[in-house]
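The structures considered in this document are given below.
In the two assemblies presented below, chain A is common to both, partnered first by chain B and then by chain C.
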Partner chain A sequence: MFSVNTVIGQPGSFAKERLDESHEYKWPEGGLQYIPDWVYTSPEIYQREIRRIFHGPTWNFVALEAEIPNPGDFKRSYVGPTPVVVTRDSDGAVRVFENRCAHRGAEFCRTQRGNVKEFVCPYHQWSYDLQGNLQGVPFKRGVKGEGGGMPKDFRNEDHGLLKLDVSTLHGVVFASFSKDVEPIEQYLGPRILKDFEVVFKERRLRILGYYRNELPGNWKLYHENLKDPYHATLLHSFLVTFGLMVAGSKNGMIADATGRHGTLASAKPEDVAAAVGAVKGEMRAYREDFKLADGRFLQYVREFDSPWSVTMQTIWPNLIVQRELNTLGIRHIVPNGPHSMIMLWTMFGYETDDEEMVRHRLRQGNLMGPSGFLGLEDNEAIKFVQEGVRRSPSDRGVVKLGGDTQGSTNAVIDEAAIRGMYAYYRRTMGL
Partner chain B sequence: MGWHEVAGADALRDGEAIGVTVDGHPIALCRSGGELHALHNMCTHQFALLSDGYVEDGCIECPLHQGRFDLRTGAPLCAPVTEPVRIYAVKTEDGKVYVELGD
Partner chain C sequence: MYPGYDMTPVDAREARELRMEIEEFHADYCWTLDCGDVERWPDYFTDDAVYRITARENADAGLPVGLVYADSKAMIRDRAFALKHTQMYAPRSMQHFVSNVRVLQAGVAGVKARSNYLLLQTLVDGPTTLHQAGRYYDTFVRANGRLLLKERQCVYDTVLIANDLVLPV
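Entry: the complex of A and B
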């Protein structure tokens, strides 16, 4: 496993990780048609991203309400790299607070999910209620006869957990460290909201399961990959071979007005065989002799009021909403230093699904996930990019497809959405 | 079962609690406003001895998370305690304190 060992190797092993503090982060000439490698490799840029993006005025995905239906239900989650706890309090409200004891900073909640009446830090047993308020301090008044304890002016109200702002939209829970973020519908914008609502509005979700994997690449590469329709038929031989997406099928890359969010959409050709036949000569990856052993795998049950059979939404900064035929899921990006991210996958269906539909969704779920027929290729490609940019003296990538346009595009061979995202990124980051 | 001698009547000043063991049962004996009270000594929230806590205003406050119980009824008075603590009958005779274990 040479490549895995090298990329997860000690930070600081390679030249681009040892930029001195006086390094000037100057975007290359040529504007948005180039991306400097340091956005993927620099520890200082990573720190600025945490401060300005993940802890800044953004809405970060933290949970689905279906994961915490009852009072006392909780889930461990993350805003950027920062651990948080998501709970439903006794009044039924969703609360999000830091998973960091107000006393000595311990990440007190150690269980992925469950139901509790209160949270107790294992270190000194400080206890917190479901809203994150400090409830009890052991031996607050010292030990009788021996003194000690907190000063008389210690007030529990001043020492609760740090609480985040919370927004829920159609059963999806977002949190923010910032008070300066617009309401969630505005934050998403109408174009993104539309396809988001196709999946969530007036739907009761049924959680089907979880995956979790480390992806040895910079977190932004995941956004770029889903703002890059160009790679779909070139990297994913599965898509072409089995007719899910061909260069001639109907596609769309939809970006919001800011450029930060995106929806990569495609419509499955009605007649798969004809569509594949038309382009197979052009596709290096196409293999005529490959047949799926189980034809049910790619069946598409039409269940959505949408012209698209696939929408992959990138919601800045940490959420992917996957609707690929009938397999539905959330991908939650947890940045883990410049060279790594943790990907938390939550697969779901709807409460109205019968057993057959659940089986179908689970079967089709093999498209995605850490080792999915499509998912694993994205993971590998992102790792390859990180390995390349991290170790080479060359210092920039090229995103010139489609010229210098930004944002939405109907063309597949186009990088306008990547440019749009970096236009927004540069404003946010002051670069 | 029955009445058990647990302490001398002068063993507790007002506002004080001590832990005693009666027939294997841990009991907190307290004096508040001149009156004696006996409660099961284990907090109903987590593992802590109420006799290490504070007797004030007819209540006992657990030292661990500041949950309070009514000394007369054992009723929980504030978060995080939600379950009542068991109480026992107490009497003083001939300068000695007795606690009744009951059933």
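Entry: the complex of A and C
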């Protein structure tokens, strides 16, 4: 049972959750300063997103190369809601194919990670190599004297697994169902690539572990959350009280040229007390009396050649790259219907970390994830939004901060990046 | 199974007495949390305690990450303060059920035990849900005649957390 099913008013019981293709999806007047609720609630819109976005010309995150270092290593993963398998081929290349037997459709790979020589579907033991090519069909020629078997013209080459296009960039693996997507560097664009490279370029990752949670909200709300610097300075008492991100300090919301990707960046002020003192009157979450008994966990070890101490990257459509001081990770968004998403987190450090640095990252990990001081607050807020838009007859949200600008901004009290994302979304969705 | 928590022979009578004492400890600990008295939660730990909640997939693969990761009582206290006073989350009540207590080791370094836990969560206006099923791997030491946790590894089976895990296990 998903937690979206534990709220009064089951999914599908409200009119705005039942809009089909006969509904006229008309964006509210006022351009991008309003977001219609049906982008979060309509099953028709959700299906269109799967077709046009997740299965369309986009690069979807599927794995980190550090998870599959050796030939035969594999990982279960997802492109949109579609299960795929990511493998390291015997020649070292990374392959991605559907987790669906070409014979009768069984989802054959049932373990998260492992190492194999071949994949065998347990139902009728069709076997596939590490590229997804069909290798063997038991009793292909039937049984002697009894007949049966495949027709003479059956060719294994015609019955392999559905293969996806693969791109790897600095150890991060992306896949696409589409042949029409631009090269990955171009897809990200130079502004996004820059902070992506700070985390990944010429780095060998050490995987520290996984979190998995269901987040009962529409998948786009997670992108919005990280294109929304305004909330960061209000919702999160940790950011505010300890000066990790303060309005008026050096912050940036960087969008790519299309508006779909973003980097929420901030630089920890040198003088935290002064920076916080200037704006604390506006922030209810500020707590004068909150002093850490163990301050180690918020220390910042300067390990990057970057002016930013924090960069949170939203990479369309399904990847978040987290660099929050020294706690690093990716979040893989798996849409789970209009009202729910699955978040798959992989936390990592670097192979060059000594034991104390690993422990520092683990301690600082308390900021993020489904029990993180920041993470749990975002999950709660996103859940509240989904319940609000799903269950009320009102029909739109307001994104007017900063006027009608779109994309990058240096102002924290600004929703330009959310508007920029929806400008792109409307083009790609034909809305 | 968790590394360092192998079963070793313990005198049957001693094991029985320890088991009763640990069961009382669990009852007190869970009562404190289930009453919402999270600021008394750090009292169950030694100053150098390690407290971690992690998925079984991490424990099995030897991956060190924690959903919650504390390697001092001070960190546990900071979390308790934040949960009580500064964190934003919807009101909820929790109930812990601990069973199958097994004493694994008893020696000068402390007492090691394994127990199963179930955590129920109730939000406003919703049904009670089984929020987490897991195992405690505990190391107890004795201070002033009372057991304290020197280590608690909470290893959960519940693969997908329902939104978040706010309050301690």
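Convention: the second predicted complex is superposed on the first by the 413 of 431 C-alpha atoms of A that agree within 3 Å, B and C clash if a C-alpha of one lies under 4 Å from a C-alpha of the other, contacts with A are read in each partner's own complex, and residues count from 1 in each chain.
The rule is short, and it goes like this: contacts are C-beta pairs under 8 Å (C-beta built on N, C-alpha and C of every residue); 3 or more make two chains touch, one makes a residue touch a chain.
Everything quoted here is computed from the prediction, not taken from an experiment.
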item	value
Joint occupancy of chain A by chain B and chain C, clash or fit	fit
First, second, both or neither for A:106, with chain B first and chain C second	neither
Which of chain B and chain C A:423 touches, first, second, both or neither	neither
Comparison of chain B and chain C by chain A residues contacted	C
First (chain B), second (chain C), both or neither touched by A:290	second
First, second, both or neither for A:377, with chain B first and chain C second	second
First, second, both or neither for A:342, with chain B first and chain C second	second
Chain B and chain C, minimum CA distance [Å, superposed model]	27
In the complex with chain A, residue positions of chain C that touch it	53-55, 57-58, 61, 63-72, 74-75, 77-79, 81-82, 85-90, 123, 125-127, 129, 159-166
Chain A to chain B touching residues, read off their complex	117-118, 120, 125, 127, 129, 135-141, 143-144
Chain A residues touching chain C - in the complex, by the definition given at the top	1-3, 6-8, 112, 207-216, 235, 237-238, 241, 285, 287, 290, 292-294, 297, 342, 347, 358-359, 362-363, 365-366, 369-371, 373, 375-377, 379-381, 383-384
Chain B residues within the chain A interface of the complex	46, 48, 52, 54, 63-67, 79-80, 82
